[in-house]
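Paired with chain B in one complex and with chain C in the other, chain A is shared by the two complexes that follow.
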Partner chain A sequence: MSEIGKLSLFLAFLCSCYAVGAFVVGLRTGMAGPLKSGRRAVWAVCGLTLLATILLVRALVARDFSYRYVAEHTSLDLPVMYAFSSLWAGQEGSLLLWLLILSAYGAAFLWCYRKRLDPFYDAVAMVVACVMIFFTSLLSFVSSPFRILATPPPDGNGLNPLLQDPGMMIHPPILYTGYVGFIIPFAFGIAVLIMNRTGTRWIEEVRRWTLFNWMFLGFGILLGARWAYIELGWGGYWGWDPVENASLMPWLVGTAFLHSVMIEQRRGMLKTWNIVLIVLTFELSIFGTFLTRSGVLTSVHSFAESDIGPWFMGFILISATIATALILYRKALLESENRMDAVVSREGSFLFNNVLFVALTFATFLGTTFPVLSEAVTGTKISVSAPFFNRVNVPIALALLLLTGIGPVLSWKRATASFMKRNFIIPIFVGVVATLVSIPFGLHGVYPAVCVFGAAFVISCVVMEFARGVQARKDVEAPVNPAALVHLVQKNKRRYGGYIVHLGVVMIFVGVLGSSVFQKEAHAPLQPGQSMAIGPYALTLDKVEDTQIQNATQTRAHVQVSRNGKRLTDMHPAKAMYTKSQQPMTEVALQSTAAEDLYLILGGVNEDGSASIQAYINPLVAFVWMGGVVMVIGTIICLADRMRLKREEKLLA
Partner chain B sequence: MTGRSVHVLDADLGGGRLLAALALTALLLAAFAIPAGATVSAAGGKDPAHAVTSQLICPCSCGEILSGCTCETGKSMQGYVTDELKKGKGKDEITASLVAKYGEVIRGAPKAEGFNLIVWVAPFVATAIGLLIAALVLKRWVGRRHPAGAGALAPAGHGPMTTAEQDLADLRSRAEAELERLRE
Partner chain C sequence: MNRTTLRLILVTLAVVGCVAWLISSGVKATGMQYMTVTEIAQLTAPPRQGAFRLDGKVQAGSVDYDQRAPRLRFKMTDGKEAIGVVYDGLMPDAFADGREVVVEGSYHHADRTLHASKLVTKCPSKYEAEGLGKDRS
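Our next item is the complex of A and B:
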């Protein structure tokens, strides 16, 4: 079976090379045959990669320890679902997942544009096939998941306990769907340059693909934060870890693009800038994989370090050089008649937003890579972690929060003083009131105050936009229609979907503010029967017991929880010692409501028999997760706009 | 939306000045963000040791912020900080003693001095430069006169885009897209 796996990957490599060759011939000669053949080769890569993936999954689930990858990442006592998810626990499997998603994107792209005979789409597929060559060659010649051990061990090493979490079943595939998906906008951008393509249609198509990938990447990042919250057991969910930063950077640049692309669509401006953002988003996606794989930086999320970092760095350099050269070569194509009516306009605010998004990305990039740079220059090891990012990134992020409210309300071309007054007086008033009301509740510091003001301001702006829209529909659809809000969103999905995304962003800001500024913490060693207090909660240790779960021994504390004297629930924070790795793992106990999380950690059992209980109250943390869901809903609404347009196009045709 | 106000905020130079002021604000934020001397800041409402441990990295290889670290080394270090605070030692003193023992790598953020000053200053300088460039670019673009014929996607006008103009732009865009499709 391993030979079939190796062969399928090698054939995928050959098909990728063939696809690129066929597309080049077809595009140069204008012959339809090679183009058709190239498309089929892309489909073949997808099929062959799927076959290789199925073979590896089969080996993982069957615990076929003759495969080195299986022996390294599974064991006999590993639950089947984690045996399946160990596909992305190691480097080779992760690369295979990358290639599977990449080839699926290639096939999906060809399927979406199967009726278009424009060779431009073949040029896009050619760029995708070029990237496929890189990944198929890595999997065929450098890092094959089908390597066989001369003497298979009776049992495997087991899966890293940190990865034995249900969240890990979906977090990496969703994150990768976002990461890898940025290949399509990149391919569009490069194809535009190669084909010397003018017109604006492609930019709408790129916007849709970017939106789709952006949604998956954002949701994947939040799932990762949720995993860290539950699995790492430090009371938080975002630690500005290098791998977290690596996933955030393409998302930030992608967000900048999603805003600036609107200016190009509306005004035909910023063509060069948009291509640069597309290229940067893709390169940062690859850079994220480089950081995760290379081990150049210490990360709590890095599970598959290896020596393939230089390959990724080489790929980044080559692809970025080609893209830059093409941008310079096609400078004339990207020239646009940049002309604006006023600085204070929606396009002006989007430009400003772009500067801040890119600045935030730069700050994150610099902070993430600076330890390596500093050590190279000064010879002294340093760390750049949360204390740095909280000081530098937070003010930039807060400025962006304010723009989230301002930008969409401003009209295109020009906003007058009376317009500003009409639209912003109430949100500013609401923001000031919200800030003043928050102060007695313990709000302190400039940044938290700005955050409260910004959140209230943006919510007011969005609510007013909806209210105005509903009013307009009521005027048209008299008598008063209670479903006017739904109709409003249905009629302009893109616009109101965007507002819903902004509401999700605000919810995340509120959640972050609540869970960081108002977090409460207490820890104490408790003997059975003893209690500790945190906020309105009283925690009484009932007992501590050892239990055996499938592949670990668990020390479990039984804690009775009361709130304001009333018995609420029992919670069971635990410490698990995994049989294979002998690595202690914290199993957090969580009592969640929309208002706050009670978060308990069992630090360990002391020599005197007492249990160290660490407790946190994380207010409003549920808003972070709910905000993520709201953002996804908003994005789906935006994407649904295209479905309506497609239906209309079909009716017209 | 369509009304013409006499108090137009969008005067060419006014907008440029606005962004220049914002760029200046970015530089001022840098001064606000850069830690003066010690990197310890207050973390109100939490364990007093949190103010120290939230600024340090666990010295084992886990790479986590000390305040949230659950490894054995982390827990022992948290205990050390708590004990030292109880003895009456200052936060800066405790941090200095830990840095002396484990090196600069234990700080969650480098001190803003020497080469490491770059990491504190560069993001704000870059933001300020970005905003200034945006201000200059906007000033240049706003200063350009509209040609007699409007652009394909956005008809020229001197007021905010009306609904009718937006609809027209949308229709033009759709017509262009459909024409392109027909050409295919």
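Our next item is the complex of A and C:
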């Protein structure tokens, strides 16, 4: 079986090489035959990769320990669903998942454009096939998942307990769907340069692909944060860990692109800049894969240190060099059609949005790679961690929050003083009132105050936009009619979908503010019957007991929780001792409401029989997750808008 | 160059300047120097910088964990020298004798210990290719 796996990956490598060759021949000669053949080869890569993946999953589920990968990452007592998800527990499997999603994107792309005989789309597919060569050759020659052990062990090493979590079943595939998907915008960008493509249709196509990937990446990042919150047991969900940063960076640049592309569509400006952003997004997602898998930096996620680092660095260098050369070579194509009329305008605000997003990415990149950079420049290795990122990124993020309110309201070209007055007096007033109202609740410090002001300001800007939209529609009598709102959104999905995404962003800001500034913490060793207090809660230890679960022994504390004297519920923070690895694993108990989370950790049981309980109150943290869902809903509404695509179609016809 | 372009460039430069200031002051205020355990252990005078980041292993038998505080004390070694580490917090799950750890914190020369504000335990290599032998050729 392993021979078939190896062979299918090798054939996938050959097919990707063939596809690139066929596309080059077809594009140079203009013959339809080679192009058709190249498209088929891309489909073949997809099929072969799927076959290889199925073979590896079969071995994982069957616990066939003759496979090195299976012996490394599973064991006999591992539940079947985690045997399945150990496909992405290690480097080789993760790379295979990368290739699987990459080739699926290639096939999906060809399927979407199967009726278009325009060679431009073949050029796009050619770029995708080039990236396929890289990943198939890594999997065939450097990091094969089908290595066979000389003497298979009776049992495997087992899966890291941290990865034995339902969240880990969906977080990596969703994150990868976002990460890998940036290949399509990148391929479009490169194809435009190669083919010297004019026209605007491709811009809308790229925008839609990017929106799709961006949604998955953002959702995947939040799922990861959620996993960290539940599984890592330190009371927080974001630690500016290198791997978290790695996933955040392409998301940030992608966000910048989604804004500045609107300026290109509307005014024909910033063309070079947009191509640069597309290329950067893709390179950063490759860089993210590299960071996760190379072990260059210490991180909770870097489960393996390996030798594929130089390959990734080489790939990034080569692809970035080619992209830069093409951009310089096609300077004329990227000439701007218009000039900026005024600083205070939609274009102006989007430009600052871009500057700030890129600055945020740059600061994050610098902080993440600082040990390597400082050693190269000064000779001493300096490292920065969470305090650096909070100090640098929080003010930039707050500036972006304010722009979220201002930008969409400003008119194109030029916004007059009276326009500004009319549109911003009420939101500023609401923002100031919200800040003043929050002060008695313990709000202090400049940044938290700006955050509260910004959140209220943006919400009222968005509400006013909705109100104006409803008012402008004369066929509606009642101004605050839910049906009218739905109708409004339906009529202009892209615009109002965007506003909904912005509301989601505000919710995340509110959640982060609440859970970082107003977090409460308490710790106490409790004998059965004893209580501790945190905020309005009283926690009483009932008993501690040991139970046996499938592959671990679990020590569970039974804690009675009451709020302001009223009995609320029972919570069970626990510690599991995994039989195979003899590693303890904290299992957090969580009581969630929209207002706050009560988060309990069992530190351990002491010699005198008391249990150490660590408790946190995380106010408003639910808003982070809800904000993520709202962002996804808003993005789906944006994606449902096919108006512009149809208009472009008419222009072509 | 018209006035709008000039203004745009000026505002952009101002933003870039602010960010550059944030970064450089951030590094100065929060940067930690990487040191080896040996380098720290051989210091004869209190170091000028405050914050350090150290990689090393937990010395076997040195762990003293007061779960009730919670306070974790252990010795960290790079194979040659060892220094004491104090960490006020719960013991991480993967923490054990011989495990690789990364600590960040300030060094107190008087009692020759590192007061850690952050303690990361690297995942044990148990989950990697140890002890499985060679590939079949």
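Here is the rule we go by: the second predicted complex is superposed on the first by the 621 of 653 C-alpha atoms of A that agree within 3 Å, B and C clash if a C-alpha of one lies under 4 Å from a C-alpha of the other, contacts with A are read in each partner's own complex, and residues count from 1 in each chain.
Just so it is clear, a contact is a pair of C-beta atoms (placed from the backbone, for glycine too) under 8 Å apart; a residue touches a chain by one contact, two chains touch by 3 or more.
Computed from a prediction, not measured in an experiment: that's the story for all the values here.
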| item | value |
| --- | --- |
| Combined model on chain A where chain B meets chain C, clash or fit | clash |
| Touched partner set for A:412, first chain B, second chain C, both or neither | first |
| Partner chain in contact with A:72 - chain B first, chain C second, else both or neither | second |
| First, second, both or neither for A:325, with chain B first and chain C second | neither |
| Which of chain B and chain C A:158 touches, first, second, both or neither | second |
| Partner chain(s) touched by A:381 [first = chain B, second = chain C, both, neither] | both |
| First, second, both or neither for A:338, with chain B first and chain C second | first |
| Which of chain B and chain C A:4 touches, first, second, both or neither | neither |
| Which of chain B and chain C A:352 touches, first, second, both or neither | both |
| Larger contact residue set on chain A - chain B or chain C | B |
| A:317 touches, of chain B and chain C: first, second, both or neither? | neither |
| Common interface positions of chain A, toward chain B and toward chain C | 233, 298, 300, 339-343, 348, 351-352, 355-356, 359, 362-363, 366, 370, 380-388, 391-392, 395-396, 523, 586, 601, 603-604, 612 |
| Sites on chain A touched by chain B in the complex | 116-118, 199-201, 204, 232-236, 239, 241, 265-269, 298-300, 337-345, 348, 351-352, 355-356, 358-359, 362-363, 366-367, 370, 374, 377-378, 380-388, 391-393, 395-396, 411-420, 442, 444, 446, 518-523, 586, 601, 603-604, 612, 649, 652 |
| Chain A residues within the chain C interface of the complex | 68, 71-73, 89-90, 147-151, 153, 157-162, 233, 298, 300, 303-304, 339-343, 348, 351-352, 355-356, 359, 362-363, 366, 370-371, 380-388, 391-392, 395-396, 523, 525, 581, 583-586, 601, 603-604, 606, 610, 612, 614 |
| Touching residues (chain side chain C, partner chain A) in the complex | 2, 4-5, 7-8, 11-12, 15-16, 19, 22-23, 25-27, 29-34, 53, 55, 67-68, 70, 90-91, 93-94, 96, 102, 104, 118, 120, 122-124, 126-130, 132-137 |
| Residues of chain B touching chain A in the complex | 1, 3-5, 7-10, 12, 14-16, 18-19, 22, 26, 29, 32-35, 39, 41, 44-47, 50, 54-55, 57, 61-65, 67-70, 75, 103-110, 114-116, 118-120, 122-124, 126-127, 130-131, 133-134, 137-142, 144, 146, 151-154, 157-161, 166, 169, 173, 176-178, 180-181, 184 |
